[in-house]
Amino acid sequence: MTRLIQSRGFWIALLIVIVGAAGPWWLSAYILGVLTSAYYFSVFAMSWDLLFGFAGEVNFGPTFLIGLGAYGAAILNSTMGYAIPICLVFGVVVALVGGLLLAVPALRLHGPYFGLITLVSVLLLRNAIVIFASVTGGEIGMTVPDVLSIDANVNYWYALAFMVVCAIILFGLSRSAVGLILQASGQDAIEAAALGFNVTKHKLAAFCVSAAFSGLAGGMLVFYLGAASVDTVIDLSIAVQIIIAAVLGGRRTILGAALGAIVLLLADEALRPLGQLNTFVVSGVALAVILFFPDGLLGYLLHGKEE
Amino acid sequence: MLTDTPILEVEHLNKRFGGLVAVKDISFNIRGGEILGLIGPNGSGKSTVMKLVMGIERPNAGSVRLHGKELAGWPTHRIAREGIGIVFQHSRPLHRQTVLENIKLALLPDSLLRLAADHSVDGTARAIAERVGLGDVLNRRPSTLPFAGLRRLELAKAVARDPKVVLVDEPFAGLTGPEVAMFSDLIDDFRKDGRAVLLVDHNVKSVAALVDRVLAMYLGEHIAEGTADEVMRDETVRRVYLGGKIETHARPEINARQGEPALDVRGINVFYGKAQALDQVSIHVHEGEFVSIVGLNGAGKTTLFNAISGLVPSTGDIHWDGRSLRGRSPASIARGGVVQCPESRELFGDMSVRENLDLGGQHLPSAAARAKQLDWLLELFPILAERHAQPARTLSGGEQQMLAIARALMMQPKLLILDEPTLGLAPVILEQLSKALTRLRETTPITVLLGEQNVTFALPHADRVYVLEHARIVWEGDPGRFAAEMGTGYL
Amino acid sequence: MLASQILIDGFAISALYGLGAVGFTLIFGVSGVLNLAHGGVMLVAALIGWFVASEFETGPFLGAALGILAGLGMAYLTYFIVVRPIQRSRVIPAAEQEIFILTGTLLWGIMIQVGMDYLFTDNPVTMRPMFPGVVNLLGVRTPRNELMIAVICWVVIGLLWLLVNRTRAGKQLLAASINPRGLTLLGFELSNIYLLVWSIYGVLAGLAGVLLASFLGVSSANAGQLTASAFSIVVLGGLGSVSGSLVAAYVVGYLETITAYLIAPTLRPIPALLLLVLVMYVRPQGLFGRR
Amino acid sequence: MSHPSSARQALLCATILTATLGFNAAVDFGTAQAAEPIKIGVISEEAAVAGASISRAAQMAADEINAAGGVNGSKIEIVAYDDHSSAADAVRAFQRAVNQDHVKAVIVSYISEVVLAVEPWAARLHMPTITPGAASNDISKRVHDDYAQYKYMFHGWLTSAFIAQSICDAAHDNLVDKLHMKTTVVMSEDAAWTTPLDARYLQCLPKAGLTVLDHIRFNPDTTDFTPIFNQIEAKKPDVIITGISHVGVQPTVQWHDQQVPIPMAGQSSQATTSTFWKDTNGATEGVITASAASPGVALSPSTIPFTEAYTKKFGASPSYDGYTSYDEVHYIVDAIKRAGSTDADKMVDALEKTDYVGTVGRVQFYGKDDEFTHAMKYGKGFVTGVEIQWQNGKQVCIWPADKCEAKLTFPSFAKLPQ
């Protein structure tokens, strides 16, 4: 603990959080809005990074888990009208169950095969949502009766707090004993096993954690937006953005993923004046970063540490 | 402190990969405080045995017992927890963590709930680090350690699990003299702790000083067992490594020696990561000369050839026909006449023998030239004519080797580099291969650079011999003088 | 009647799927690259082809030709701008090239799609049929175009087979897919081989693109869908196995058609996806996968 | 942590802060510049023909108003945002419009999904919002169910139910009375906006005199329609009544290529755009679709001038939501005039009292207690939409009878009941 207090990174992080928390007093309502979604988005990216960066598996279907959480929560809320927290918990459970159903067999696969299976899971979920339109509202989505808050600032603080908590947990996890084992498993499964670690167990655990946080974030996002739709929580384009954000921010750093997500969304908004071409420019820049700074933004900034 | 009952008992271990039998009925046991050396040339199956014990591969038959408990077929992590540890040859530490954290990793319980390691771990880790000599680099990152440091780290991880049995894979590969000594001590400590140790290495020599007993393998089979000396004196072992008695007959017209050498390698160094694989190596080959480079596995022969072929980056000069090869792509070097027939053969398994040969001949100017070359080769290796239609991977080891050589010859090389052609071949095949080479040598003016550990195979063909040992050229001379000066104690 | 409808209809669509997938699997087999900008390449060919044909009234064939050319160009761009830099990069660890190529081509694919949106809008478009009119086949009124497209697909696939198995260059490709190192040792520059395979890929993808435009029509919105379907077909057939991809294409094509006819048009894509999941679990290397 | 790294971290957070700050300041500056005019936000997808029509038409309306001296002295400024037709994107754009650019009203998209995602935000941010083209009934249903919260949302185009109704009415006048058709098959993409559409079809088509032999819904991702057409043909209907928007050209083109001998009528959104002929290479010959208005048909005095001006300016006639979005700018401004303020609630009251004759006819909105609150009134004397048929490269109006008198013609392969 004392080491933590002494470490400079801790204070810098604290500073960033405080400055961020003060947002409503120095940022326009609109940027608050963008940041709010960016914060939820960054949680998606962080949980993706936990799975890829540490367990070493490329998950093309983060939105499968997110979507399960989001729709689980939304459906419970709109049909049963339970309070938001209950719905969120339910969403997490759904995401966990779905995640397990996917992971148990999928973890036997590797590389492109694992990637494809996760990709297909998203396509299937998407189809399911459209087919059961009576419950899910089909591709136009559904509105939830309850929302976190109608006050932009409160929403912003919710999102910020949520992100910070997730960041602390996920980052802590990645630096914890378990994180070490996970990293070892991801890097060289055989050697990890030879040290007596049950690699499959740990990867499965990582998948569950990733699922839980994705699902929770998905649920929160729904109750912030007031609506759940294929387009906002399931569509592959979202998955793509998440992957890009994580790689852009720096793989295997958790916090980098968060940074990447925020930068990505801010850039997207900053370039809105370009009209329909902003996506083009953003993707181009991201591509350049990947080609020339493969360690991503954070990776690049922390590079001094590597030597 | 030697225990009288064996800790590790291995009986009738068998492993097949598809058709190939990698391990055939291997049995041994190791007592506490005892070091067993498991030796054999590449492809002899020794590493497979180690994997089978560790559970990385599942045995087809046989038993592995630890303190009488059957472990065969268990998943690796459970075997590890039962008390068997392994020191891998190539270490892959966690790059973002410090040395200390890497050692701690090995001390962690396999639990999802223990987020923070308890404090005893830190102390233990430091103690271990001290013991393996990493005490003063605790907070550095592995990427900043020298090669020996990384091996130390691997050792430390093994110690940390406090295993009853330790498997060590090629303990001294890539280490310098003093480092070897230091490592021997560390391994010797295992014995002092009363652990059972299995050293896996290419040859007796490097481990002789350390081991109590040696088990020699060849082509998956047990060929000899006993003390290091006994094994070194063993006839079969000598035949495997040296072949039978050494005979030599240099070519009559040795005038080739004068003038500029065709291939001139001056003081090249090669590093794999932090391990130095070649240290100031200089050799030269004259046109029409047949030069053999003799050395044990891991001495650096393959690395030297790959450096010449441009497959691995090296420092120093390599000249061919008076022009430097620096900056030329492997392919253009090959087209330039320096053709390598690698140890790994690199055949196109799913393509037919004929197709393999045709690919080799594609650079020849005319169809006529191709046909001529092909006929000549099929006459040199008649067996290939019979097999021309069948897929390369279905050939026997010997046939594959001949195909590899023939394919290289299809390119009409000016210099043919042959790397370990005898690798994993039964003695009778060696005969045929040897004959083929003799004919090649007598009927053509071809220049050959041969790398071998099997001296009897290497010497008869050679006009000149180099001995490569621990990344350095230690001897050069006529085959005639070799037996006298190097023959003894070569193993 | 229904049977013959399913037969004919499924045959054409499957042939098109197959053509789209073959190039994709070829690159993977030879250079181990999964090109997630695949849909983008097809899209460019299709849109350019349509644009030329309808804007300059050149008629479908010249349009198609230029479309294929555009596809080829796009394939080269993909290789030189995205894939090769990553393969040659010193800063990217070899172990992670895969994820970088995936992410890189993904981004590139997005850029292509947005670019096409900008130039041609995302309205679905169709090229004028190259072979107008209908013929009566097994009692089914079938557009001549549909049949000819199936024929073209198979002719091209046949040519590809000849190229790979009967020509020296083809032999090099084959060898490269089996053992690149061995090929280097025989004095063949891998970079040339990669260039060759990307050229073939470009033509195949381009052709698939224009045929799609003339048969079913395309919209820049389809890009992702096209990549995904090629990806699944190729994995279903076994990565790197050309014949596998063709079989898989027919399995998927007929599965979809049968579903559409016998169960419900709404459920069209689902059985194929489920099949894919199943195969992944019981036989990860795919139907015809090596190793 | 070692020093270099923490220095870099300091640099890192510094960059983030300055970046955000600068960005923030930048946009603030941007708005400070132009506080004066009245801004109307337009959110749509430029890459889509239907989307482009919205922003272009809105801009034209604004230009006209400004040319005429603007409203109460201040000019109208259109701020356009591209949402790539993504709901998430549209929501962020909406926030920017309201919180950053301080627009006074928003015209948003033609896609039900996008509009429904934005609707809660209109309610939350108290922003008068109108959609020129989305059809889903839910848009106005929400307003009906929770008026106090959702009253800021207006539905500036016919709801699915009314689209279906107008198609039935047209079918009765043309297909049944003139061509003596008796049977039909309904073929719709499986999308939310078609659910109420089909429901109404099944009610009103029989009333119009067409027995519905079958009702087929297909996956919007469908590319190959052969099975569907074969299925329909087996039922031998006199006409196919469609409900298609997302799938685009494929059904039309394949209908033509396979020479399905059954005429197609109904709603085919892309067929309302003048580029559709080129997109389908003329395969759309003979296809009938409902639209908001049609070139050369005077639904009101303003229709033709607008169509011509638009076509002159952009080389193609507007798609259906171009007409509505053009009108919307006009009656928003009209509402501001009447309200004498840009206060949201005052504007909503004024908009509710809208009685404006625009390019699509006379626009009024249903009230608080009607089934479709804040949706356009449908029917004679209000907005009925028109039916157009593609005849050799032109869209010709075939309904309502009092507005146009073109004869129906069908491609040779189409068989008509004798």
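Note that the chains take the letters A, B, C and D in the order they are written out, and that residue 1 is the start of every chain.
Just so it is clear, a residue touches a chain if its C-beta (ideal position, glycine included) is under 8 Å from a C-beta of that chain, and two chains touch if they have at least 3 such contacts.
Keep in mind the model is a prediction, meaning the values are calculated, not measured.
S.K.: Taking each chain's centre as the mean of its CA atoms, which one is most distant from chain D?
M.R.: In terms of C-alpha centroids, the chain at the greatest distance from chain D is B.
S.K.: Which two chains does the highest number of contacting C-beta pairs join?
M.R.: A-D
S.K.: How many angstrom lie between the CA centroids of chain C and chain D, rounded to a whole number?
M.R.: 35
S.K.: I'd like to verify one number: the distance from the centre of chain A to the centre of chain C, where each centre is the average of its C-alpha atoms, in whole angstrom.
M.R.: Those two chain centres are 32 Å apart.
S.K.: If you average the Cα atoms of chain B and of chain C to get two centres, how far apart are those centres in Å?
M.R.: 43
S.K.: Go ahead and note the Å separation of the Cα centroids belonging to chain A and chain B.
M.R.: Chain centres of chain A and chain B, defined by C-alpha means, are spaced 46 Å apart.
S.K.: Mark out which residues of chain A touch at least two other chains, giving numbers and ranges.
M.R.: In chain A, the residues touching two or more other chains are 237, 276, 279.
S.K.: For chain D, give me the residues that contact two or more of the other chains.
M.R.: Within chain D, the residues that touch at least two other chains are 45, 47, 190, 219.
S.K.: According to the definition already given, which pairs of chains are in contact?
M.R.: A-B, A-C, A-D, B-C, C-D
S.K.: Under the stated contact criterion, what part of chain C meets chain A in this complex?
M.R.: For this pair, the touching residues of chain C are 34, 82, 85-86, 89, 91-92, 96, 98-100, 102-104, 106-108, 110-111, 114-115, 117-118, 224, 228, 231-232, 235, 239, 266-267, 269-270, 273-274, 276-277, 280-281, 284.
S.K.: Along chain A, where are the residues that touch chain B in the complex?
M.R.: Touching chain B from chain A are residues 172-173, 176-178, 180-181, 183-184, 187-188, 190-199, 201-202, 205, 252, 306-307.
S.K.: For chain C, which residues are in contact with chain D within the complex?
M.R.: 5, 9, 13, 54, 117-118, 121-129, 132, 134, 141-143, 145-146, 216-217, 219-220, 222, 225, 256-257, 260-261, 265-269
S.K.: In their complex, what parts of chain B are in touch with chain C?
M.R.: Residues 309, 311, 329-332, 334-335, 339-342, 346-351, 355, 358-360, 362-363, 407-408, 411.
S.K.: Which positions of chain D touch chain C when the two form their complex?
M.R.: So the residues of chain D touching chain C come out as 45, 47-49, 52, 190, 216-219, 221-224, 226-228, 230-231, 247-250, 253-254, 257-259, 270, 273, 275, 278-283.
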